[in-house]
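Below you'll find the structures, each written out as structure tokens.
Look at the two complexes coming up: chain A is in both, with chain B in one and chain C in the other.
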Partner chain A sequence: MMEQLLEYSILPLTLFGITAIQALGLQLILGGAGLLSLGHAAFYAVGGYSAAAFTVYAAPYLGLSQPLLLMLISLLVGAGSALLAGLIVAVPCLRLQGDYLAMATLGFAEIIGTALKNIDAIGGTRGFTGIPKLSSLPWVFSVLALVWWALARFNRTGLGLAIRATRDDEIAARSLGINTYATKLSAFLLGSAIAGLAGALYVHALQFISPDEADFSRSVVIVLAVVIGGMTSLFGSVLGALILVAVPEVLRFAPDVIREQRMIYFALIVIFVMLFSPKGLQSLVLRLARRHQKNESSSLGRRLGGAG
Partner chain B sequence: MFDLIQYLVDGLAVGSVYALIALGYSMVFGVLQLVNFAHGELFMVGAYFVMYAISLGLPWPVALGLGMCFVGLFAVAMERLCYKPLRGAGKLAPLITAVGLSLLLQNLVQAILGPNPQSYPARVPEGKLSQFFGQYLPDPSQLQIPHLPDGLFDWNDLVIRHRDLMIFTIAVFVTLGLELFLRKTRPGRGIRALALQPNAAKLVGVPFDFTISMTFFIGAALAVVAGLLQGMADNQVTPYMGISSGLKAFAAAVLGGIGVIPGALLGGLVLGIAERLLVGYDLSTYKDGAAFFILIIVLLLRPQGLLGKARMVKV
Partner chain C sequence: MFSSQLSEQSKILLRADNLTIRFGGLVAVANFSLTVPSNQIVGLIGPNGAGKTTVFNLMTGVYAPNVGSVFLEDVELTARGAHVISRAGVARTFQNIRLFAGMSVLDNVLAALSWQRRGTNLASLLALPTIKTREYEMMQHALEMLSFVGLADYADWEATSLPYGLQRKLEIARALMTRPRVLLLDEPAAGMNPTEKDELAGLVREIVRQHGLGVLLIEHDMKFVMNLCAQLTVLDHGEVIAVGTPAEIQKNPKVIEAYLGADSAQVSGADGSSPGGAQR
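Then we have the complex of A and B:
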């Protein structure tokens, strides 16, 4: 029984880890730089397909077979290709005012989806199969931890601060000598590269990827995760990913009427979060935790005879 | 060469529907600099509303009028409840809210009316709703369902279907009417003043909230016209038509020059023709990517669109 439960939970946990990595990448773009990418899943799919193409086609040609080395290189390939794809979209759009980036990333995702369906060497509409199993749950969670840690460090560097300064007030940031175009571009590229990492992990864990992964609905799920969790914090993105992966699993036992309408709840929560609590559910969790802490410390204070 | 002309003509009808949706994107973007991401869903809701109203036995002009009012008021309510509180909160918050609204509408319609395409005369899907409404829906066999004209002009093998011509004519007249409204009437000039310089417009007494509500109302009403035309031309309405046509219409608005009324028409027509050409030359698998390919090329080469003027952003 226990063993079955463990075996059953591997897939949802892997998906949670991968969604969390995607969400962390988008958090940097959305919460950090204040740019909306509606094609995040496409960058993820580009990373995944490139990494898979590397291990299936390029690796035997290069004579690489050591799994650890192969996985590391394919992670680099995934991140690098997603970064290049990001460069193509972001360079024209970030020069413009307005919400063009959101629509152009969306359009780019459609193009990527269309292209993936039409390339036969990587499976076309049938999807890319026959990818060796190189990554697993420990890989996914190690990369998640590494990305989380690295982003937390990055946010405190000069560039990390410049990105948030640009988001808060572009004109003020420019007057401080920040190259706002370069900071926005670097946030977008870094976020896309992280999505590519997630793609490389996904294809080598599930040994399969289809053009559906570049679909608009997948990109929306990542936006939902980041916004619902709270787009101003890294913890919020991971929390959001957890909510989005866990809710369908929990609702598995609920009646059909409730289960099938989960996108309606998510949409309502997003509108609610934007209107009333822009910091997302993460702030709620932290507030509860803090109240708990306060209660503890006040009872401790009373015991010590302090003012409490 | 001859095929080419035929495809150009065929593309006009598809493009006209994009153009009617694009007008709404363009107007709202003009006054608020907001991409009303949920605009495509208004087109979808409108298409359903009109289809059900006609299936209830209402004559089509009444159904269309009711649909325009209902969806228009719905858009006004949406703006008041969801976008207005976020004014001054930057551009990101209303945009994300709009994505949420789009998702909500699409899934609500899917939950209530079912995910499958519906055609004339519409039926309520099986279930409790069907028992409740079933008694009110008239017998489909007795219903006079209006449809677009069937005939065609045949002119040296160049075939023009009457209905394509009709859709194109409607789109051109609606665009002309809108342009006249914006130039000649007082409320129309109010919209243009807000788009040009919001603070100065407020100073000279343009009612801000009313004008914005009106912009949303008109945009939504035009989307309902597009919904009726598309629903009749394809004889099919689905919960997903809003997202696909809506996004292409946005691309059309950007292509023509967002905020420019004739630009929306031009952009829609160019896009419709481009898609028809791809289908004609056996590249139909690339059809859905074409709009966005054009969008990215336009953003690269001429971000203000075909008919737009580059505007300096003042600090």
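Then we have the complex of A and C:
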């Protein structure tokens, strides 16, 4: 019984880890740079397909068979190809603002999805099968931890600071010498590359990928994870991913009528979050944790100082 | 006290020649020329809607002029990107304060150094020891700048939670971090009480004294402007109507007319109060 439960939990946990990596990538684009990309899943799919094509077609040709090495290279291939796809999309799109940027990324994502459906060598609409099993839960969580740590550090680098400054006020950022276009481009490319990492992990864990992974609905799920968890924090994105993966898993045990309305529950969660915790569930969690500590003194001192 | 006379080392830094910009059919600024010398504070005044901020936007690359040019010494800045102009040495503040709202006071100031850290990103990502010294130096520099403008105690505050007057000072600190040669201040004293205004005037003088900057100032408070500026340019309906020393400008009938209307031309603003005050 215990063994079965453990075995059962491997797939949802893997999917959680992969969604969390995707969400961390989008957090940099959406929360960090303030750019609404509705095509994040497309970069993920490009990364996944490229990594799979590499291990299936290129690796035997190159005589590579050592699994660890192969997986490491396929991660690089996944990230690199997603970065390249991001570059093609971002160079024209980042001249646009707000809603227009969202629409343009959505359009490009559709193009990528349609292209994937029409390449026979990678399975077309049937999906890409026969991918060797190279990654697993430990791989997924190691990469998740690495990405999380790296992004936390990245936020403190000059570029990380420039990204947030550009998000807060582009005109002010430019007046300080920040090249805002290059800054937004870097955020977009880095976020896309991280999605590519997730794609490479996915294909080698599930040994399959279909063009559905590039679908708009997948992109929406990642946006939801970032928004529900809290756009401005890395922890929030991981928390959001957890919720987005856990809700359907829990609903698996519910009757059909309830289970099939997945998107309605997400909508309700979003409304709840926007009403009661606009900074995402992470701030709710942190507030609850802080209430335990009851550390009022510092905030009081700050308020007194603010009177002057 | 008055920095009226040009000091010996003074030379022309920023030069705007004949700037014109049209928005659709509206000529917002026409044939605008002005020079900002080093070691000096010059003022740009005029009634609301005269086009003063538009002039700033033309000189800092937010807008590209239809006609005319901007030079910093021998370097042409006309219609270059705003970030290029900033790097060349022209910094500015904003009339409607533009701080980075989600960031701390310290980070607001550090943001001005962010692009100078290019190439150090990977090193700081990996927390290499080489970067520690440099990060420490930057932090030190930022904190010194904050204490220079009197914000040392507020480093970890959220920028927009500062009182209004301090937010204006933070904008000045942030602009100074770019190590400018010319500083453009857009209504720096707006919303300040008399004490704060005096402090600010002292700060601006100190900036010029320490760094030999040229400062161009837009301000509505006439007392403030008359005290600080060696030279004034008056703008009305997008056109320069007068140039001269504060004393000359105060007596200029065209200026008085622009501020108070044709009938009030004999009213003098020489008591040093704002023209709005003189009307009463």
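Note that in this section the second predicted complex is superposed on the first by the 282 of 308 C-alpha atoms of A that agree within 3 Å, B and C clash if a C-alpha of one lies under 4 Å from a C-alpha of the other, contacts with A are read in each partner's own complex, and residues count from 1 in each chain.
The rule we apply is simple: a residue touches a chain if its C-beta (ideal position, glycine included) is under 8 Å from a C-beta of that chain, and two chains touch if they have at least 3 such contacts.
No experiment lies behind these values; they were computed from the predicted model shown.
A.B. asks: For the overlay on chain A, clash or fit between chain B and chain C?
C.D. replies: After superposition on chain A, which the two structures share, chain B sits beside chain C with no clash.
A.B. asks: For A:180, using the defined touch cut-off, is the partner it touches chain B, chain C, both, or neither? Pick first, second, both or neither.
C.D. replies: second
A.B. asks: With the two complexes superposed on chain A, say which partner A:171 touches: chain B (first), chain C (second), both, or neither.
C.D. replies: So A:171 meets both chain B and chain C here.
A.B. asks: Comparing chain B against chain C, which has contacts with more of the residues in chain A?
C.D. replies: The partner with more contacted residues on chain A is B.
A.B. asks: Hey, in the superposed model, what angle do you get at chain A between chain B and chain C, Cα centres, nearest 10 degrees?
C.D. replies: Value: 80 degrees, nearest 10.
A.B. asks: Of the partners chain B and chain C, which touch A:110 in the superposed model: first, second, both, neither?
C.D. replies: Touch status of A:110: first partner only.
A.B. asks: Could you tell me if A:156 is touching chain B, chain C, both of them or neither one (first, second, both, neither)?
C.D. replies: In the superposed model, A:156 contacts chain C only, not chain B.
A.B. asks: Going by the contact rule set out at the top, does A:4 touch chain B (first), chain C (second), both, or neither?
C.D. replies: After superposition on chain A, A:4 lies in contact with neither partner.
A.B. asks: In whole Å, how close do chain B and chain C get at the C-alpha level once superposed?
C.D. replies: 6
A.B. asks: Can you list the residues of chain A that meet both chain B and chain C?
C.D. replies: Comparing the two interfaces on chain A, one with chain B and one with chain C, the shared residues are 171.
A.B. asks: Under the touch definition given earlier, write down the residues of chain B that touch chain A in their complex.
C.D. replies: Residues of chain B touching chain A: 29, 33-35, 82, 85-86, 89-93, 95-97, 99-101, 103-104, 107-108, 111, 243, 247, 250-251, 254, 285-286, 288-289, 291-293, 295-296, 299-300, 303, 313, 315.
A.B. asks: Taking the touch rule as given, give the residues of chain C at its contact with chain A in the complex, in rising order.
C.D. replies: 60-62, 81-83, 86-87, 91-92, 94, 98-103, 107, 110-118, 120-121, 124-125, 127, 153, 157, 161, 163, 174-175, 177-178
A.B. asks: For chain A, which residues are in contact with chain C within the complex?
C.D. replies: That would be residues 150, 153-154, 156-159, 161-162, 164-165, 167-169, 171-180, 232, 302, 305-306, 308 of chain A.
A.B. asks: Within their complex, state which residues of chain A touch chain B.
C.D. replies: 30, 34-36, 38, 89, 92-93, 95-100, 102-104, 106-108, 110-111, 113-115, 117-118, 171, 216, 220, 223, 227, 260-261, 263-264, 266-268, 270-271, 274-275, 278
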